[in-house]
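Below are structures written as structure tokens.
Each of the next two complexes has chain A plus one other chain: chain B in the first, chain C in the second.
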Partner chain A sequence: MAIRRISDIFGGRRHLLFSGLLLVLLFVFLLDLLVIDHIFGPFVYFYLFFTLLIIFYGIYPLYVNRRLTRYYWERTKRHRLAVIGLSFIIFLVAVAILGPFLTQDPTEVDFPNKNLPPVGFSAEQAIYDRNTGNFITTETPGTWHHPLGTDDKGRDMLAMLVSGTRISLQVGLMATLIAIFIGLIMGVVSAYLGGWADNALMRFTDIMMTFPFFLLLVFIVFIFGPSLWFIILAIGLTGWTGTARLVRSEALSLRTRDFIMASKSLGASDRRIVFRHLIPNVLSSVIVIATLSIPGVILAEAALSFIGLGDPTVTSWGLVLHAGQRSLDTAWWIAVEPGIMLFLTVLAFNFLGDGIRDAFDPRSQV
Partner chain B sequence: MKRGGLQNYIIRRLIYAFLIAFGVVTITFILLRIGPSSPADKYLANISARTQNPARVIEAVEARYGLDKPVIQQYFDYLVNLARGDWGWSFSTSLPVIELIRRHWIYSFQLILLSMLFASSLGILIGIYSAVKQYTRTDYIATFFSFIGISIPNFWLGIMLILVFSVQLGWFKTYYDTGLPMFSLANLKALILPVITLGTGMMAGYTRYARSSTLDNLRKDFVKTARAKGLPERVVIGKHVFRNAILPIITIIMFDLAGVVFGGAYLTEIIFGIPGLGRVSFNAIFANDYPVVITITLIGAMVVLLTNLTTDIVYTWLDPRIRYD
Partner chain C sequence: MNNAILQINELKTYFFTRLGVVKAVDGVSFDLRKGECLCLVGESGCGKTATALSILRLVDSPPGRIMGGAVMYHGEDLLQSTGARLRQIRGNRIAMIFQDPQSSLNPVFTVGDQIMEPIRLHLKLGQRPARERALSLMAQVGIPQAKERMKYYPHQFSGGMKQRAMIAAALSCDPEILIADEPTTALDTTIKAQILDIFRDLKQQKDMSILFITHDLGTVAGIADRIIVMYGGRIAEAGSVLDIFDRPKHPYTWGLLNCLPTISERREKMTPIPGVIPSLIDPPQGCIFYPRCQWHMPVCQEKRPEEFVISGEHIVACYLHK
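Let's look at the complex of A and B:
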């Protein structure tokens, strides 16, 4: 009963309600940006947008079609690695949201406590002795005050990793969202219009695909400068080509299928066919490709920060790695820890993506 | 099939590749134009320390590089110069860009070639073996390691290799020695860690593709026929399955150049200090030496274009089932 009531209020006007809330959000954002002068950063608005998107087009449909949800969950669950991946991603999200309130300031420099090893390890350090004027080598053990140790400026590793989690997830989600959005539009438009428009869009896709992804990214960052927002935008604006091709080929094969033919012969408008039949039917492959492209995006940002082309004002995993490479012989943990986080995150998204792909593809046997 | 169809196909592909190249060059020009700082600013950032009168330097630089002309004129100059091999002057190294490229391309080439050889030979072998032994322990171990190989960030793997094998064990130098002769065992030894760094991710990918491609082919009728004829399993797998499974993998290996190999080589060269094109571009970025950065980006795109073109043509020639009209 409860489902019926919610879907009555919500159902038919879902898109309208979503667009309305989006407009309100955009209005508040512009007001904040132009008039009140930045009460919240742009990221807060993105989170609100993302939450709305998830509720309207993720949680709500899953809740209404509970039978289908259970079916997908059963199929995904059989993939044990996918469940492990999903749990780790949920853990990361929790760390990204709550972590910064529980850890120290990741930018706080504390030179007397530099190069402290993680708890349970100890490291040799040369310390300058004021009385004798000599360097004396001492064995420094890790302390619980800095459970994962500190870097060469005495910054807390745990706090830096938590901050890096936040940055990586932000970059991964946002850039992928932008790329998927562009790819979806390009693919559907190209398949649906056909003719010269299809030709022009696909030739443009070919040109973009000819650029080596990372070289193009480096080139763009070189020209426009390294701010986190710009890097996200650059990854999003260059990473859509695969999605566009996939969506186009799927939409082309859908266009000649019976149910769309039937809908057309019943007099459905182009708009209805695109939004009601085409997009919902390509969405499952889009979700799979989105999940599988998040790790690539996270790695691209980390690689940029690692070679020193990332945003120098945010503490990302790549930036910590960059610092760690310089002190490999004195403090190995600075390079090891962010790399492990990066590795596990990428692994988790790959596991999850594989599981979702198998769950959405009825032909595959798990 | 018409006679001369293949020839026409090749000509059409060549024209198409030329148009794509034109598009690639145009996009770099547009990006350069809409960027916040003009090329003159970037030049100035290098010269201003040595001059008293920046305004006159800007004027001189703009006149020297034709930046005072209308944009359309500049665009045509850009195209003509690129076509003529006049790729500008690298002021951070005081060399013509083309000379700089000529000195350094070989380092990237050897790294990429060795890594691709390493990754494809090992990856394909493991993949086929794992498919033949499907659902055994060997298969699970291979699949698990290929997952790890795909997910491990290659630049981090490089650092870890340096940490373990160079810093802790002292087996290798932490930095690539440029004084080594190109074709020597010492050079090969110096390239071991970089090749593993760049090759592991690729190898893991090829293992997975080779495995699924082999599995597809193992179910096909011609395999049953071959077995029914009483051919030994060695011949069935080594000849019938292998030849069919290998074709799609070759495309993927060629296609990888754009997405994976160049990005990986760029990072690997930076980590190990190999003076290839990635390293040159990296140094040029921090010196604001933009003719070098553009040229290397364009070279990357052109190599991708040429490999795709070659793959397409060789493929139609290799596989008679592909239609080319």
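Let's look at the complex of A and C:
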């Protein structure tokens, strides 16, 4: 009886189980943080949380509604580019999870092997000759030991790119999740309450929007220091404005729909209407905007790293780019390789986002 | 008082728009009795829906506001109740059905889920008993293969089926009063007849009181016990079905009846009422109907007519019957 009441409050058994697991996770996290002293970093807990979220609210419903899943898959599949983008993202995720275990340490320097070109290329290098005391120019070919070459300190490019993949996806997912969460709450609350509350929230959103986003980012990082966590928080806390506006406008049009009135006439409370009727109905747009905002976030982090405001302790693509621009004329691959990765990743998320948007949009009967 | 379970007294609901104050409901009073079907009839914009929404305080605010009056339900004024108390009554004791079944169901949940929602909310039943109750309700309103259809989403239902599902959800807690706001307007004629049958059964078998709102006198004739004709936010004429159809007194009612096709009389063409409803922002000073009325007298322009009793419960707001 008691369990049923609680499960009713959480809107069903699935939510109850999810909330329970979340509590356990939070407990272990706090235990780790305060008592056992950091066995795993906060990222590990975030991943567990994210995995739970995906299983409970992504995979499980997709599995239960197989017919609907197939329908959406059919529609997404019509976009060749979206499928290619999705495959590339899955590949990136696999690299981010498994890669660091398979490659060398990306921070290990090896000066004798510096500036090695990728396999299949060769580069002129000035090498100091101990016998004559002169620099001699030699043609160094790339080796399979460093398939993507090395940078000016002899660090393995492949290892650095793999590490960068992990950082970029971390930043992309987490900052977007934070931004989406704030934007969703702001938008729905603003639309549902209306009146002066709506005005206050939306004017605040406008003010946030008028700030030059990147300058604000630089400012926050400057104050709080260049740690990856602060960068993620900073991007998340500044990037929610677009979502808030979109969600508000969607929720406003939903609010006048009859089923909201019908639900009220059947005795539903405000909380119930927001959680059961407004939020589920705006989620499809939110998923699309989330997918489309990930590349922007990844680029923002890369840009921060590039101008030297990134976390110097993690090897991100922006950092490698930054290091590579100095030796662009002698060792082009150092800057080009992370550049290509950024380019492909951003493109992949954009393609996927477009595909999902068309699949979710019932009006686009392609 | 002749077993009235809902008494509406001098209800006033105004909408505050940019152009001015719309007096959508301007002093409407009537009783709803146990086990009767009371019909509110009138053109679009005459305040029928605003009246219905005001009873459960569902008028969107802003722009709407209930300015005065009382809605007495078992000695309790719903206009003074707390939000929590009101939520207990909505869907549980007084349920409502809306005009457009296409948009009255949430597209992201299954129909079964939505029929079960008020059951779980008000009756505090668990998943399984709620499901069984929903199944029997769906059978009762004539949804075949209920077990299968529970898992359907609204877009997989036809309009008539959706309206049945809405009725099932409204009936789920055995309400005393059912408010139906043009429940058949969006449906085609055969489905309309079937839905009306459901209402007739409810009235006869469950002794439910139904407040039926429609603009179509033809629909009303079959199920109504009493009829209230509204015009411009006020009651023009009220009486039993026979009063209204056989002994109509208000020129507006005459006009409405002239618009009906009949089988018995051979009528060359139907006569529409000339003119349109005047803007309720700035209504004429006297009787609101007088600009369209062929029988208007000087007094009509000066003062609003009160309600004159013709006989028993037959009342009319027109100086012709003073």
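For this structure, a couple of remarks:
Keep this in mind: the second predicted complex is superposed on the first by the 353 of 366 C-alpha atoms of A that agree within 3 Å, B and C clash if a C-alpha of one lies under 4 Å from a C-alpha of the other, contacts with A are read in each partner's own complex, and residues count from 1 in each chain.
Definition applied: contacts are C-beta pairs under 8 Å (C-beta built on N, C-alpha and C of every residue); 3 or more make two chains touch, one makes a residue touch a chain.
Here the structure is a predicted model, which means the values were calculated and not measured.
In the superposed model, A:Trp333 lies in contact with neither chain B nor chain C. By the touch criterion stated above, A:His277 is placed in contact with chain C alone, chain B being left untouched. In the superposed pair of complexes, A:Phe213 makes contact with chain B only, with no contact to chain C.
In the superposed model, A:Ser269 makes contact with chain C only, not with chain B.
Of the two partner chains placed by superposition, only chain B is touched by A:Ala302; chain C is not. Taking chain A as the reference chain, the count of touched residues is higher for B when chain B and chain C are set side by side.
Contacts of A:Gly195 after superposition on the shared chain: chain C is touched, whereas chain B is not. Of the two partner chains placed around the shared chain by superposition, chain B is the only one that A:Arg203 touches, whereas chain C remains out of contact.
In the superposition on chain A, A:Trp240 makes contact with neither chain B nor chain C.
On chain A, the surface touched by chain B in one complex and the surface touched by chain C in the other have no residue in common. Residue ranges of chain C in contact with chain A, taken from their complex: 56, 58, 62, 87-92, 95-96, 98-100, 103-109, 117-118, 120-122, 126-127, 166, 169-170. Remark: chain A residues 81, 203-204, 206-216, 218-220, 222-225, 295, 299-300, 302-303, 306-309, 321, 324-325, 328-329, 332, 335-336, 339, 342-343, 346-347, 350-351 touch chain B in the complex.
The touching residues of chain A, when paired with chain C in their complex, are 4, 8, 194-195, 257-259, 261-269, 272, 276-277, 280-281. Residue ranges of chain B in contact with chain A, taken from their complex: 19-20, 23-24, 27-28, 31-32, 35-36, 147-148, 150-153, 155-156, 159-160, 162-163, 167, 174, 257-259, 261-263, 266-267, 270-271, 281-282, 285-286, 290, 293-294, 296-297, 300-301, 304-305, 308.
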